[in-house]
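Each structure below is given as structure tokens.
What follows is chain A paired twice: with chain B in the first complex and chain C in the second.
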Partner chain A sequence: MAMKRPKADAVIIGLGWAGSLMANELTLAGLNVVAIERGGWRDTSGDFPTSMDTDELRYATRRELLQPLSVETMSFRDNPSQSARPLRDFNTYQFGWGAGGAGSHWNGMTWRFLPNDFQLYSNTVKKYGANKILPGMTVQDWGVTYDNLEPFYDKFERLAGTSGKAGNIQGVIQPGGNPFEGARARDYPLPPLERTQAAMLFDAGAKELGWHSFPVPAGNTSGAYTNPLGVHMAPCTYCGYCEFFGCGNWSKSSPNACILPALMNRPSFTLITESEVMKVNLTPDKKLATGVTYVDKSGREWEQPADIVVISAYQMDNVRLMLLSGIGKPYDRASLTGVVGRNYANQTIAGASVFFKDEHLNPFIGAGALAQAVDDFNSDNFDHANVDFIGGSNMLIHSTNGRPIGLGNAVPPGTPRWGSAWKKAYQESYQTANSIYCMGSSTPHQDVFLDLDPTYTDRFGRPLLRVTYDWNENDKRMAHFIADRSVEMGHAMKASLVVRSEPTAKPYSPMDNLSSHTTGGAVMGDDPTTSAINRYLQSWDVPNTFVCGASAFANNGGYNPTGTVGALTLWAAEAIKTKYLKSPGPLVAL
Partner chain B sequence: MTSPIPRRDLLGTAAALVGTAATLPVSEAAEISGHLPWSASAGTPPPAAPAEPYVWEFFTADEAALVGAIADRIIPADELSIGGKEAGCAVFIDKQLAGQYGQGTNYYLKGPYRPGTPQQGPQTLETFAQRYRQGLAAMVAYCASKHSGKAFIALSADDQDALLHEMEGGAFYTGPVPSSVFFNQLIQNVREGYFADPIYGGNKDMAGWKLLGFPGARYDYRDVIGRRGEKLDLEPVSLMGRPGWNPA
Partner chain C sequence: MFTFRRIALLVIALAVLGCLGAGGLYAFNRVTYANQIAETTVPAPTADQIKRGHYLALAGDCVACHTAPGGAPYAGGLQLNTGFGIVAASNITPDRDTGIGGWTTKQFILAMHRGIGDHGKRLYPAMPYTAYAKVSDADLTDIKAYLDTLPPVNHAVIANQMPFPFNIRLMMIGWNMLFFDFGGAEYKADPTQTAEWNRGAYLVQGLEHCSTCHTTKNFLGADEAGKFLHGTDLDGWWAPDLTSNTRIGLGSWSEDDIVTFLKTGANDRMVAAGPMAEAVTNSTQHLTVPDLHAMAVYLKSIPASDDTGLTPVPPTDPQMVAGRAIYGDNCAACHVLNATGVPGMAPAFVLSPSVQAQNPENMIRTILAGGHVAVTETNPTGAAMPAFDWKLSDAQIAAVTTYLRNSWGNAAGPVTADQVAAKRQQIGARERN
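Presenting the complex of A and B:
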């Protein structure tokens, strides 16, 4: 028999970016909020001190801040005809674990998606005709537009302390920014980070090609900053320990640095750590949530009743919790019906390695989002009339780190993997190699989905989430195109050796660690037969349940997801505050 | 964390949930409200550097000698730097295998065991420590069969390289997996030993970092970021400092 806690106005599952932002907004609106976090408490000064943070083996190689696979992993297969197997070793998916979630150990690239990304279906049909979309693709609009989200992107950038250069302020193109971005009300709260030698070479290459180079918007502070909650951040020191690391210098946008110092002091907020939510509890007619059941660190079962349930775990776990709780109809590949698990997407990766002669790139001077990019081939920023795909890709050069264990394979092709020849090549390449990295859009397809594994279970005996994913034809064509552009960029940068990379030419594997950006599975939309949640991230089936995270993306853009996760969460929070609390019930009438 | 969860307890919790609910201790989850928790030394500090002389924790003396010899071929001593053995790679791997990494605490080791596709990643249920024990034994046997009973450490450097190439190509089995899988692990772990902070037992005198020009555990480059494209020659620093910092 589960122990029962006092009822809360809202219970939040998972205290990463989405959970922290939602908890902040709801407590400010006067609600009594309880958050339940699977990992432990994590504090910037105590857990990430700079005196122990700079440890590649511990954090990047062994991934100490990530959720252990023994707690939960996924099973994987490339297509529905295969039998899935559990991912036993650390891989491309980077689940958060502890207060701050993956927001503690991300790199910090803080993008806004392009206006076209939210209306990919209707824009494509209007401009190129319905035949532009290949058979089997389940492309659909999000039910929300860039203009709807702009104020919430702005709010997130202010809370997070984003460093960048605007490209379009109220329709006026700004030199040095991204001219393709949607119109912004105002510039970033902080100017861009300093540039590295790699960025200068990329910038020169872009100029030669006539492309538009700009600094990637960074959740790494280019200067001291105080956010709207009164939290102080310190200037980034370019230490090169960002992804997989916490930031003990108060320089990385994270819930720990930006939200929790204010949120934790509010008596209306309670955080329960080291406790895992088993399921969302529903009324017998399954029309309302009554709260959640969780298990604490000693194995004891508890019930936390609440009027509102916010599912804000990692994207994959949002989908899994809906499936385990019976919220929404599961996607069925055979009948092509159901919504939970549908429209799963990834990030389509391509690029080129570049090697220079007599160069000192000093790769150890870096930051998680210290990068220079072009967006000339992203989304619909270029005419697709003469190409056989939709979507596109950002292209960037990244000065993120010079960590020597992880870079050991960044040597010219043909180099032996061991022996004196490898040593010599690595010594040379360490200072002269980088890569052009393209984060491409990922379009949904009926053969790509998430469901519960029939065989493998977690530590509690519950089914693992099963991922069925391989690159679809549209995205492979896009990647082929963008890999060619990367080679052009490499030559324009005057690299002595340019090595084309097209990982989409072979079956997808999570073990290749191409990108952690995994989206969809509980997507937002205007039609309950093709979306799990409405435009306010509210479950169509259980209207007092909101599902926040990249799981809501109807398709993935050619960018890191976190900026859009933040904007969507703040947009949903505003709807709860201004609409739902006044009249609890469905926010979109059917 | 106010009370960092030892990883072993996670597995213990899982096991306990399966059948002994009646005997579970009554204790509540950590509950925090109304304040930002802070406690001195909340984070788990890094391990102490290995003591001298080193006493092997996982390897037998023969295994340790074999791993040292392998490390010396994967990263040989040459005009650029010292070799993997002198850098302490065997000590590093020994400590890793004796700890959480070797015990597989953070990895998914639940059955059933079924072979998978290459895209699904390694599917063995053995811990890394078990993989080493099996892998090294298989290597000893293979070496003896190829070289009339001689041990790997007694071979010439060329013969050692030839055997490692065979291993890399999957010439024999190490436990349930081809030797190529175990060889990949050896390359990874030897590189870790050569380039991880010296507190973990390898990277003697920061030789790996000096080889590359990596400044190590520094965390502030604001003073040099403007010197783009310059050779900076920054002396490396370990988590425990560096020789010459502390006057004798």
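Presenting the complex of A and C:
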């Protein structure tokens, strides 16, 4: 028999970016909020002290801050004809664990998706005709536009302390910024980070090719900053230990640094750590949530009743919790019906390794989002009339992770994997090698989805999530195209050796660690037969349940997802505050 | 800290004075004073009065001592190490059995003004009645009205945990005769000063009781004459000089620097940590800017303490050379290589009064054990300095502290490894790995 806690106005499942932002907004609106986090408490100064060495083996190789496999894994297969097997190494998947979630150990690239990304279906049909979309693809609009989200992107950048250079302020193109970005009301709260030698070489290459290079918007502070909650951030020291690490220097945008200090001081906020939500509880008619059931670290079961349930765990866990709770109709590949698990997407990766002669790239000077990029081939920034795909990719050079273990493989092809020849090559490459990384869009397909595994279960006996994923034809064509462009960039940068990389040429493997940016599975939209939640991230079926995170993306853009996760959450929070609380019920009439 | 001879002398002195006082002069004084306070026919307090009382209780920082760690606010139990023994703060919730629920306003004022508690029991001056004596009857009446609105908490506190002979409360009569100026106790406005200055003086000397921590105590624990706010040791922390001394006091701070510090817990140069962080979090941040400004005006008018010029330790000194390297490796990431710090988070060290303080113990203990910046409404960050006890040796900490105290325009005495070792032991810091 579960013990019962006092009822809350809202219960939040998972305290990463989405959960923290939502908790902040709802407590500011006067609600009594309880958040339940599977991992432990993580304090910026206390848990990531700057006096400690940044231990690459412990945090980057063994991933100590991430969700351990002993807690839960998931099963994977490339296509529906295969039988899935549980993963024994998360590799490409990097799930948050503890207060701050993945927001405490991310790199910090704080992108806004392009306007086209939100209306990929209607824009493509209008501009290129419906035949441009290959059979089997389930491309659809999000039900929300870039212009809807602009104020919330802006709000997120202010809270997070983003460093960058605007490319388009209210329609006026700004030199040095990304000219392709959607119009923004104002510039970033902080100027861009300093540039590295790699960025300057990239910039010179872009100029030679006539492309438009700009500094990547960074959740690494280029200077001291105070956010709208009064929380101070300190200037980034360019140590380069962002990904897989927490930042005790208060220089990385994270819930821990930017939101939790203010949130934890509010008496209306309660955080329960080391406790895992089993399911969202529904009324017998399944039309309303009554709260959640969770298990604390001693194995005791509790019920937390609440008027509003916010599911804001990792994208994969959001989908799994909906399936386990019976919220929304599960996607069924055979009949192509149902919505929960549908439109799962990843990130389509291509690029080129570049090796220079007599260069000192000094990779030990870095930051998680210290990068120079071009967007000339992203989304619909270029004419797709003469190419056989939709979507595109960002292209960037990254100065981060100048770490001795991690860069060990960044040697020219043909180098032995160990021994004195490898050491000699690595000594040379450490200062002269980098890579051009293309982070491409990922379009949804009917053969790519998430569902509950029929065989394997977790420590509580609940089915694992099953991932069915492989590159689709459209994305493979896009990756081929963008890999060619990255080779052009490598030559324009005057690299002495350019090594083309097109991982999409072989079947997808989660053991290749190409990108952790998984999206979709509980997507937003205007049509309840193709989306699990409406444009306010509200469940179509259980209107007092909101599902926040990258699980809402109808397709993945050519960027990492965090900026859009932040904007969507703040957009949903605004709808809860201004619409739902006044009149609880569906925010979109059917 | 006290020799047997000194203690014996002290006991004899106080006992004699206590007997004298109990039998004569002092009793008269007390009776006279008690009769001056209006009788208990205090009208029911208005909502405004209670609100004022709340504000004044925050200014008095009652909660700091009258709340045990993790305990109910104002329910008492915090143990204060006075140097003479432990005094536990009492329960001041309106509980009739264990709190002050049965007290009249008159009794309350008597305790606040004269250190006379329930049934004439002498309070120890750990309860800063010598400061609260400055507070007006009207303000104390409102504080009592506010305290009466708190939820009563039944929590018995054994206040007197002093060893013999200090557990003889009657000795405090003698103490009061020696050190407590009954006649001049209540704050009297100085007509030659502005109203703002007077308001500031009233707050600094009265409710905020700054001198409780910032004034040197004599061997009997009373404020030392002529040392008002000159800074002193406070249970292993250095409560700094608040006079207009430009090197070690507030002389180089503007009035706005002081206001920002007390309101937010930090300013562009300094952060509040340790006991002062608690004072800011619990008390000063809640004061209005006009009140804080008044305090700043008054503090800035306090004449500078004596300070003889010091010659900085030369940069070629081996401690300075080592300290510079240690600073670059361990400190500069947050405090910045040129020691300008990060506002609200990491203090600057350029021409820093706290770095040059007469006693370097705050720096030594903070390097050893770390510390937290005050958490306030306006600066909820809670940035922290990590502990270096496990990482740096006594000699290394002595070197870097000496380097800080003698760089960027600072000049102050060097620090020895022995000082660090003593502090390491005093605060129970870890040994170096």
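Side notes on the structure shown:
Here is the rule we use: the second predicted complex is superposed on the first by the 588 of 590 C-alpha atoms of A that agree within 3 Å, B and C clash if a C-alpha of one lies under 4 Å from a C-alpha of the other, contacts with A are read in each partner's own complex, and residues count from 1 in each chain.
As a working rule, a residue touches a chain if its C-beta (ideal position, glycine included) is under 8 Å from a C-beta of that chain, and two chains touch if they have at least 3 such contacts.
Since the structure is predicted, the reported quantities are computational estimates derived from the model, not experimental observations.
After superposition onto chain A, the partners chain B and chain C occupy separate space and fit alongside each other. Look at A:Q174: by the touch rule set out above, it reaches neither chain B nor chain C.
Contacts of A:N249 after superposition: both chain B and chain C are touched. Contacts of A:G299 after superposition on the shared chain: chain B is touched, whereas chain C is not.
Using C-alpha centres, the superposed arrangement gives chain A a vertex angle toward chain B and chain C of 80 degrees, stated as a multiple of 10. Within the superposed three-chain model, A:P235 lies in touch with chain B and with chain C [touch as defined at top].
Judged by the touch definition given at the top, the superposed model places A:T196 against chain B, while chain C stays out of reach. In the superposed pair of complexes, A:T415 makes contact with neither chain B nor chain C.
After overlaying the two complexes on the shared chain, residue contacts for A:G46 are found with chain B and with chain C alike.
Looking at the shared chain after the overlay, A:Y426 reaches chain B, while chain C stays out of its contact range.
When the two complexes are overlaid on their common chain A, residue A:P261 makes contact with chain B and with chain C alike.
Taking every C-alpha of chain B against every C-alpha of chain C after the fit on chain A, the minimum distance is 5 Å. Shared interface residues of chain A (contacting chain B in one complex, chain C in the other): 45-46, 49-52, 235, 237, 239, 249, 261, 265. If you check the complex, the residues on chain B that touch chain A are 1-5, 7, 9-11, 13-14, 16-18, 21, 24-39, 41-43, 45-46, 73-76, 78, 80-81, 101, 104-110, 112, 114, 116-124, 161, 164, 168, 187, 190-192, 195-197, 200, 208-209, 211-222, 224-226, 228-232, 239. Residues of chain A touching chain B in their complex: 39-43, 45-58, 61-63, 68-71, 73, 76-78, 82-91, 98, 194-197, 200, 235, 237-241, 249, 260-261, 264-267, 269-275, 295-300, 302, 359-362, 364-365, 402-405, 408, 417-420, 423-424, 426-427, 430-431, 455-457, 459-461, 507-511. Note for the complex: chain A touches chain C at residues 44-46, 49-52, 224, 226, 229-232, 234-235, 237, 239, 248-250, 261-262, 265.
Within the complex formed with chain A, the residues of chain C that make contact are 330, 333-334, 342-346, 370, 372, 375, 377-388, 391.
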